[in-house]
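Got some structures for you, see below.
Below, chain A partners chain B and then partners chain C, in two separate complexes.
Here is the complex of A and B:
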């Protein structure tokens, strides 16, 4: 049977409209600000979801994005030096804390970022690091906007943990509908079937969340060997402690 | 086991929703092809499950790839769920089946949900959305409904979306169906068995697990705009297997306390232990397609000793529904193991 099409030139033009720079301009300057004003959204909190389940409490992700005070090559260089000068302290901390799979410091534009994968509770992870490499945190956080409020971190432990948590990126779930569930939980919406949702609003909800939360982690990490702690990996590889 | 009359009703509501029922054929996944292959378990598989096909010896396999839609019209290029039903042939003449689709999660939790879904997911006239309404969608930052596929005049989309709006448990599965696309090859898609099964290890430890097939060639869909390609998947696989065998890895995810064991609408987190259970090698397209592509009948509850079904109500319902469907279309019965409590 020959393929019939009712597509007219105006349909083709409208289908391609979202990819035009005109629409991108209108969306960025008018539509998104309008809907953000009309239907405001709260930024979703960062870090992993609290969980009692073992598998969720190993290989947790922390993604800190910290704006530098000095937004110039000099400021970025100072941040790079702060890490390089503390290399021994970082290794000593990693080996002693024992719950970290890896930690990375990355400069992206005018931000210094710390990305790490750790086992166990977030607050204990930060607490352990304060105890072992507090001096490194002090050196880095001293270069970051609003960082002076929480250093020296050894004397501001709880405030420092909260400061870090507020800068830990929201981890957008792997499934789009879990993102909706996160928003509903934040808004106290625990409705069960039947409900009156509108799934076609999913794109707008995601757009507005990414406006409120400009930096996010996409997913909570894709693991090659999920479920194993750093201690188990070291033990099974015969690396000692 | 679900009552036989309920099993018949399940099959009937599926048939009633078809545009053109095809007596003597599967009501859904009608278009499919049989393939022959071998499965070899990984070195660690036997430590997790005592089932014969996980003991490391090569096992003969019959499988059937399919398009999800019911009816004889073949639309390979349309966005649709694809199926991969696998039969592991065991040494005593019985078998263990593993039925998977490209859908990661199902959209109903139980038989009652399914009947309600079937009432609303009816075929309705489907037209291109007027361009003015599309612009209105854009202004609201919504994505307009998809354009009709070539020659598509009816669709269940509106009813399905309405069901998803009312039932949050269904939203993930239905959202996935909307995004699923068309694979470049049956051998380039991931297939998920959706339900939870219990496997028994040699030390007697029982673990809840979910199985997925992952293509060694990688996952790849065709361009979403390329919907007019109606028939390419059979030839593609035939040509592919003439050149070189295609392979899938069988991955087994182990659930934890608190995971949804009896609800196929709920995913398990990506943080669960994932074990490579073995490699399936597709060797050739079956020569007798009537026997190995059509009359062959699978059942997700046909399991080797060492694997048991969970209490998932949908899994239980599929036991009877698949047998009813087989009888209605004159499918080939297959031997069940003697001690299978779920045997009819």
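Here is the complex of A and C:
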């Protein structure tokens, strides 16, 4: 069965453009915005790719980037204090939820970021955290743009989980064909199968996606050893679980 | 105080009627379908069958009739967008889209489901009819379909209970269901588990996770006292299951620790209690393996109370999993509901409980011995309803992290449920515990249960049905 190609004459024209600094400058400021207008691209959803492989469902990465409301040193300080004041609650949450390997809070420019590694399903992970330390989420998310819509998280469980999911970074697959499949999946019922794997179109598609989705995770984390759950690690080390 | 006359009856009570038929329907005409819904709650004893409520007074009806609407069904009826947006994502996306979370892969994948489940967007309403006789099912079906102006019949599924609550695979079922605050008498049928808050099964009430409330779709009349159902058509490979028990028993007979698994002489008592003739060590070991895979002997005795042999005198419902429990960590019933036992997600004990309503379909396999494999076996399985106020927090959470990943206990993480899990013989395993604390690892479990269809439905209150009828 012939594979449908969405290559257009303009693709071939662009392929033929010289790769000089001038043309790169023009492409970034004129061609890419024009192309984004002409073929709009939706941001790909964040979080790990759905998988049934066991190894893919432990040590999953969450990369949450949340723009602060107050983009001043005062706003950043409030965020830092919110974490520091809740340190004990965070440890209690880690103990009671039991599926988290580690969680890090980082301030980058005007964003507070939460990076964590967890086991199992994302919604279960966030829901269990709401049930144990919802007040910490409320304290942090209250400082973030659009956060007031979903707090208190205990009363807005579904909306809160969706809000977090929308701010979790898209994890760009390591292989080009997987990225093209993700991109095609955005078309829902109208997605074509088999997916057009014409790699000459990859740069355009990636550029348009990164324009719509400026912050992404490259890959889904690289492990130095096979996946184990947090409880398996604790058990093997005799720490209790 | 909850008005149970406003709650659909199949949520809070089992009807104990042997025959069930499910009608899978598509809206044929939106306005006629709305009139049909209004008529189903108008109290008239003729025409459209009346929805069976949770409280029916002194006289139990001869037949029972309940409905569940899919998201597409709510849309087809013209439910306002503002209300539709308030339903949870998993319900909006539908069961097919959640296949990976549910373990519906390989031969369980939605792409392999037969009609009408191969066109999920056309499934709008699933009607459940409960009766004693087939003629009653036919009569209610005829009244429900009427002249066909409201609904188009896409397909049916029908099941029938076996004697003594036995289901395929030979286990006794229907032993217990969650008991709810304000519904059940805490002093009757105590099962050792805390009473479940009503929010476990009805929207708008306190849930088991302290302080957490599930979103109730508005207007309040639409969402309040409603709940969600995962309707599943689950094919059971009964012959394959019995063959596996044979293989496992033969393997154990040659194992050096077989006498620790089953002390010599126990086979006589096990076979006697389970009425197996002729009694043999192999036959008893088959039963012991079956008991460990499930967490109950096939007569219903929980291993948590009697791990060495079935005991007809124990209370089959009242037990817990303490540190000395000899119920395997990976046993089916322990995975589905770890009760008060230690689990990784401490906050989740008792929070993922579900009301289960299931009925077998297909002919019962006679005896426990597999056939010679020469003829094609008829399809057998379970028509299951897994009911809870949050599909995501209960049904999917249980399916994803507990049944198919084993995340709740590091000793089983990486294994699937031995009975219902999506097992691959090349990688599957199950640890059989011994009294000494050692385990014997059984391998090569095939997939005994595969999904043949299903849908997520919303079970609205009677007030909500009237509301939908008045749109």
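To be clear about the criterion, the second predicted complex is superposed on the first by the 206 of 241 C-alpha atoms of A that agree within 3 Å, B and C clash if a C-alpha of one lies under 4 Å from a C-alpha of the other, contacts with A are read in each partner's own complex, and residues count from 1 in each chain.
The rule is short, and it goes like this: a contact is a pair of C-beta atoms (placed from the backbone, for glycine too) under 8 Å apart; a residue touches a chain by one contact, two chains touch by 3 or more.
For clarity, every value in this text was computed on a predicted model and none was experimentally measured.
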Review point. Thinking of the overlay built on chain A, is A:32 touched by chain B (first), by chain C (second), by both, or by neither?
Key: first
Study note, to complete from the structure: The chain contacting more residues of chain A, comparing chain B with chain C, is B
Practice item. Give one of first, second, both or neither to describe whether A:52 is in contact with chain B, with chain C, with both, or with none. Key: both
Review point. Is A:22 touching the first partner chain B, the second partner chain C, both, or neither of them?
Key: neither
Exercise for review: Go through the superposed model and pick first if A:195 touches only chain B, second if only chain C, both, or neither.
Suggested key: first
Exercise for review: Examine A:175 and indicate which partner it touches, taking first as chain B and second as chain C; both and neither are also allowed.
Suggested key: first
Practice item. Figure out whether A:14 sits in contact with chain B (first) or chain C (second), or with both, or with neither. Key: first
Exercise for review: Please identify the positions on chain A that touch both chain B and chain C, taking each partner from its own complex.
Suggested key: 52, 54, 58, 228
Review point. Inside the complex, what are the residues of chain A that reach chain C?
Key: 50-52, 54, 57-58, 95-99, 119-121, 123-124, 127-128, 130-132, 134, 154-159, 162, 228-232, 234-236, 241
Study note, to complete from the structure: The chain B residues in contact with chain A across the complex are 127-128, 131, 134-135, 137-143, 147, 150-151, 161, 164-169, 171-172, 174-175, 228, 254, 256-259, 267, 269-274
Exercise for review: Using the touch rule from the top, collect the residues of chain A that touch chain B in their complex.
Suggested key: 1, 3-7, 10-11, 13-15, 17-18, 23, 27, 31-32, 35, 52-56, 58-59, 174-178, 180-181, 191-204, 207, 219-223, 226-228
Check your understanding: Residues of chain C touching chain A in their complex?
Key -> 88-89, 100-101, 103, 105, 209-215, 343-348, 351, 392-393, 396-397, 400-401, 404-405, 407, 409-411, 413-414, 422
